[in-house]
Amino acid sequence: MLRFLITVIRRDLLLAARRKGDWLTSQFFFVMVVSMFPLGIGPEPEMLRRIAPGVVWVAALLASLLSLSRLFADDHRDGSLEQMLLSPEPPVLLALGKALAHWLIYGVPLLVIAPVLGLQFGLQADVIGVLMLSLLIGTPVLSLLGSVGAALTLGLRGGGVLLTLLILPLYVPALIFGAGAVDATLAGLGPEANLSLLAAFAMLTLMVAPWVTAAALRISIE
Amino acid sequence: MSFSIYKYASPMTFYGLAGKMIPWFSWGAAILAGLGLYIAFFMAPTDFQQGEAYRVIFIHVPAAWMSMFIYMVMAFWSAVGLAWNTRLSFMMSRALAPTGALFAFLSLWTGAMWGKPMWGAWWVWDARLTSSLVLFFLYVGIIALWSAIDDRRRGDKAGALLILVGAINVPIIYFSVKWWNTLHQGASVSLMQAPSMAAIMLMGMLVMAIAAWFYSIAVAMVRVRGIILERERQTEWVKELLEKN
Amino acid sequence: MSEISHLAVRELACARGERTLFSGMNFQLRLGQLLLVQGGNGRGKTSLLRLLCGLAQPLEGEVHWRGQEIGGVREEYHREMAYIGHVNGIKDDLTPLENLRLSAALAGRHLDERTAEQSLIRLGLERCLDLPARVLSFGQRRRVTLAGLMTAGAVLWILDEPLTGLDVHGVALMEGLLRDHVTGGGMVVMTTHQPLSLEGVATVPLQVGPVLQPQED
Amino acid sequence: MLRFLITVIRRDLLLAARRKGDWLTSQFFFVMVVSMFPLGIGPEPEMLRRIAPGVVWVAALLASLLSLSRLFADDHRDGSLEQMLLSPEPPVLLALGKALAHWLIYGVPLLVIAPVLGLQFGLQADVIGVLMLSLLIGTPVLSLLGSVGAALTLGLRGGGVLLTLLILPLYVPALIFGAGAVDATLAGLGPEANLSLLAAFAMLTLMVAPWVTAAALRISIE
Amino acid sequence: MSEISHLAVRELACARGERTLFSGMNFQLRLGQLLLVQGGNGRGKTSLLRLLCGLAQPLEGEVHWRGQEIGGVREEYHREMAYIGHVNGIKDDLTPLENLRLSAALAGRHLDERTAEQSLIRLGLERCLDLPARVLSFGQRRRVTLAGLMTAGAVLWILDEPLTGLDVHGVALMEGLLRDHVTGGGMVVMTTHQPLSLEGVATVPLQVGPVLQPQED
C-alpha cells in the first residue's frame, strides 16, 4: 500500500525532473502573473501592499490550475493511466499519490518564491511569514481539489479551461482564508482564526478528494 | 425481477406520471404567480424608504431561495443515482440544473437592478451577493461539464460527483465568504435585516416562492420527459408511444 | 487444474452511443488456450477487450475470473492479468528501461535492471536502451510495450492488435512469445487483422459481428 | 489566397461551434478570474475601482493565453496541421487565419463581457467605454503574438506553461498601454495617448507576427 | 511523358539525433510506378517519407520534382502530392463527411457532398457518416483518412503504413485503390510491414537499412 503510494509519487517526480524546463516554467508563471499587476495597476506602494496577499494567492491558484490540467491528461493519452488503474493496488492511492506529487512539484516551490514576491510588494517579515504559512496549508488543498477537477475533465475537449470553471468556485474558501490570514496580519489582527479554518478545510479535503478523484477516474476512462 | 423494474419500468411509469403532473403544477404556478404579483403590486404598501423599487423583492427573494433549494435537490438525486445507479435520478438532476441556474441568475439580476437605486451601485462585494455568484458559477460549471461529455453514462456520473463535491462545499463557501466580508469592514452595506417586515409582504413573498416551486417542478417534469424519450428511444414503449402520435 | 474455466463470460452485452455492438455473448477460456477475437473494423473488438479488463462496465452480463465476478476480485484479477491496448502506455520522457521498471513497480512487482534489459534486447531494442521513448519509431515503441508484457508474469494476456507496426521479425517474435506463453499454461485473449501462424496453439476463435469474406470487395 | 484565409477561419469557427461548451467556458474563465480578485483582496469599493482596469486586462491576458496553448496543439496531434502545411497555399496565410479565428472566437466575446465586469467593480460609463476600446485594439495583439508563442512551443512537453513564459513579456506593452488608457481616464486624463500607442503596437504586430508564426510552425513540426 | 522521372532523389542523407539513418540514397520514380520502401522498425522509413514531402529538411542531398528541387516548386508540388502519416490528420469533432470536405477546401479543391459521401461509402463507412470521428474505432478512423486520399486527386501518393488497423476487407480495398492509381498513371511511395498483393503493378523496392530475413528469430 504505502510502497505503491511512494512509487506513484516517485514516478511523477522522476517525470517532472525529466521535463527539465517545464517545472521551472510553472514557477515563472507564478512570478510573472504577480509581477504583471504593478504594470496594470500602477506603482503606488501603499496600494500594492494592500493588494499583495490577494494577488499572490490568486496567482498561486492560477499557477496550480495551469499545471493541473495535465495531471492526468498526459498519462491518459499515452495509455499509462489505464495501466495504473489496472494495477492491483487501490485507485484511491493512485489519486492521492498523484495529488501529493503535484503538490511537491508545483506547490512547494511557491513557498520558496512567495517571500521574494512579498518583498517586491513591500510586505513586512511577519506578514511574509504568515503568507508562507497560509500557502503551506493552502496549496495542498489546491492540488487535492484540483485533482478532482482534472479527473472529471479528463479527455474532454477544452479540458484546461473547463477544469478552471469547475474548480475555481471550490477554491473560494482556501482563497478567502488564505489571503484573509495575511490581510488580518496586515491589519494588525492575528491570523490564527483564518489559519485554523484553512487547516480544517485542508483536512476535510484530504479526507474526501482522493475518493472522489478515484471514482471520477474510473468514470472518465470508460 | 426487481432489478429490471428499477431499470426499465421506472422511467416508463414515471413518464406517464410526469405527464399527469405537468398541467397541475403549471396551472398552480400560473395562479399562484398571478396572486403573488397581485399582492406585490396592489396590496403591499409602498415602502417609505425605498419607494416602489423594493417591489422587486417579490421576485428576488423567491428566486434566491429556489436557486439554493434546487441545488440541494440535485445533490439528493445525485447521491441516490450514484448509490443505486438509478437512471431516473440522473435524469432528474439534469432536468433541474437549468432551472436552478436560471433562478441563480435571476436573483443576481434582480439584486443588481435593485442595488442601483438602493446602494448607488449595481454590485458590491457583499457576502451574500458573492456567495450567490459562486453558486451561479457552480451551476454553470456543472452544465458545462455535461455539455462537454458526449457519453451519456459518463456525463451522468461525472456530473453527479461534481454536484456532490459542490454540495459539501457550498456551506463552507457560504460561511467563508460571510466571514471574509465582515472581517474587513463592519458591513459596509448590510442587506436589510427585514425590519418588522409587513405581514402582507411576507405573504406575497411566500406565495411567489411557492409559485416558483411549482414552476420548477413543472419545467423539470417537461424536461425529464424529453430526456426520457431521448434516452429510451430504442425501447419498445417509446416506439409505440411515438407511433400513436 | 487446467480443466477449470478461468475466464468466463455470461450474456455479455455492450453498447456504445446508441448502438448495441453485441449482446448475449458467452464463452469460457481455460489455461493453455488462446482466444482469437475476430471481426471487421468497428465491430466492437476493442470494446470487448476493455470489458474483459474491467476498464469499462458492461451494459448487461458478467465477466468471471476463477468463478467470481471480476468486480469482486479486482485486486487478484489485476495481479494475474496484463493488457495492451491501441495506445502503448509508455512514457515518452523515460527510456525503455525506466519505462519497464516503473510499470513493474506500479503493478507491485520488482524488476531488476538485468532482466528488464534482457527482455528489451530480446525484442531487438539493444540500440535504444538509453534513448527517451519519444524519439523511437512507431514499431520500436510497440516493442517496448511488448517487452513490458513479457516481464509482467501475468497468466492472462489481453492484447489489442499487438502486431500493429511490427516488421516481419517483430511478428515472428510475437508469435514465439504467444506460443511459449500458451503452451506454458498461460491464457491469451487477442485481436489482430494480420495473419498469424499459431500451429500447436490451442486457439479458440470468437467472432464479433458478421464474418468477413476476404477479398470480397 | 483570400479563399484559403477564409477557409481556415471558417474551419476554426466550425470547430469552435462543435465544441459547444468549450467556447463559453473560456469566457466564463475570464469572468471568474476577475471575480476571484475581490475575494483575495477585500471588498472595499474604492480600492476595487482603482485596481479594476489592471485586473480586467490581466484576466484578458490569461484567458487568451489559456486558449492559445491549444491553437496549434490539437491540429498538430491529430496530424491535420501537417496536412494544412502540405497545402499549396502559403503558410503565412494559415498563420494569419488561425490568429484571426482565435481573436473572433476568444477575443471578441471579451468585449461584450467586459462592461458587466466593469459594473461589478463600480466603474463609470465613460471608463467602461475606454476599457472596451482598449480591449478592442488590444485583443488582436494578444491573439497574434500568442500565435507566435503557440507555434514555437508546439509539441514541446509542458508547452502551455512554456508558452506563458515566452509570451507574457511580449504582452507587456499591450498591458501597459491598454490598462494605462483606462487608468488615465479614471484619473481624469485623456486616454488618447495610450490608445494610439496601443494601436501602433497592434499594427506592428499584425505586420510581423504571421510571418514569424509561419516560420516557427515549419521548424516545430520537423 | 511517362518516361520522365517525376520524383528523383540525389545523395539523400538523413540523421536523427546522433545517428545517421541513411546516406547516399538515390532513386528515381516515374509515372505508373510504385516505390515500396522496406526496412525493419526504426530504420528510417518514416523519416524518409517526411523528407520526400518536404515536412523535414535533409541533412544532405536533394529531392526533385519534375526536375526541380521541391523547395523551389513547393506550391505546385503540394498540389500534386498527398501524404498520409502514422497519425490520421482528421478532426475528432467533425464527422467523416465534414472532415473530407474541409481538408479538400484547405487544399484549394472543391469537393461536393455527394462525391465525398460516395468515397466514404466505398470505404465501408456508410454507418458512420454522421458520427463525430472521435467515436469511430481505430480502423474506421484510418478509413476516413484513406477516403480523403481517394478524393485528393493527387498524382503522387506518399503513404506511411496505410494498412495499419485495417481488416481484411480494408486491405483488399486498399490494394484495389493502389492498383487503380498506379495503373492509371499515378505514383505511389509507400511503406508497410504487412504482405500486400500487387500483381500487375510496376513496383520498385527500396531498402532502408539491412534486409530482414523473415522468421530468422
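Note that the chains are named A, B, C, D and E in the order they appear, and that numbering of residues resets to 1 at the start of each chain.
By our rule, a residue touches a chain if its C-beta (ideal position, glycine included) is under 8 Å from a C-beta of that chain, and two chains touch if they have at least 3 such contacts.
This structure is a prediction, so every number in the text was calculated from the model and none was measured.
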Seminar exercise, completed: In terms of mean CA position, the chain most removed from chain D is C
For this session: Compare the CA centroid of chain B with every other chain's and tell me the farthest one.
Result: E
Problem set entry | chain A-chain E separation of Cα centroids, rounded to whole Å | 46
For this session: Round to the nearest whole Å and give the separation of the Cα centres of chain A and chain D.
Result: 25
For this session: Can you check how far apart chain C and chain E are, centre to centre, with Cα atoms defining each centre and the answer in Å?
Result: 29
For this session: Would you mind pulling out the distance in Å between where the CA atoms of chain A average out and where those of chain B do?
Result: 31
Problem set entry | Multi-partner residues of chain B (at least 2 other chains) | 137, 140, 144-145, 148, 151, 177, 180, 184
Problem set entry | Multi-partner residues of chain A (each touching 2 or more other chains) | 19, 157-158, 162, 165, 168-169, 172, 176, 183, 222
Seminar exercise, completed: So chain C residues touching two or more other chains come to 17, 92-93
Exercise. What residues on chain D touch chain B, complex-wise?
Worked result: 19-22, 24-25, 28, 32, 35, 38-39, 42-45, 48, 119-122
Problem set entry | Partner chain D, residues of chain B touching it in the complex | 112, 121-126, 130, 133, 137, 140, 143-145, 147-148, 177, 180-181, 184-185, 188
For this session: Provide the residue numbers of chain E that touch chain C in the complex, in ascending order.
Result: 16-17, 39-46, 86, 124, 128, 131, 135-140, 142-143, 161, 164-173, 176, 193-195, 212, 214-217
For this session: Spell out the part of chain E that touches chain D in their complex, as residue ranges.
Result: 53-57, 74-76, 78-79, 81, 83, 85, 87-94, 98, 102-103, 105-108, 132
Problem set entry | Footprint of chain A on chain B - complex, ascending | 134, 137-138, 140-141, 144-145, 148-149, 151, 153-154, 157-158, 161-162, 164-166, 168-169, 172-173, 176-177, 179-180, 183-184
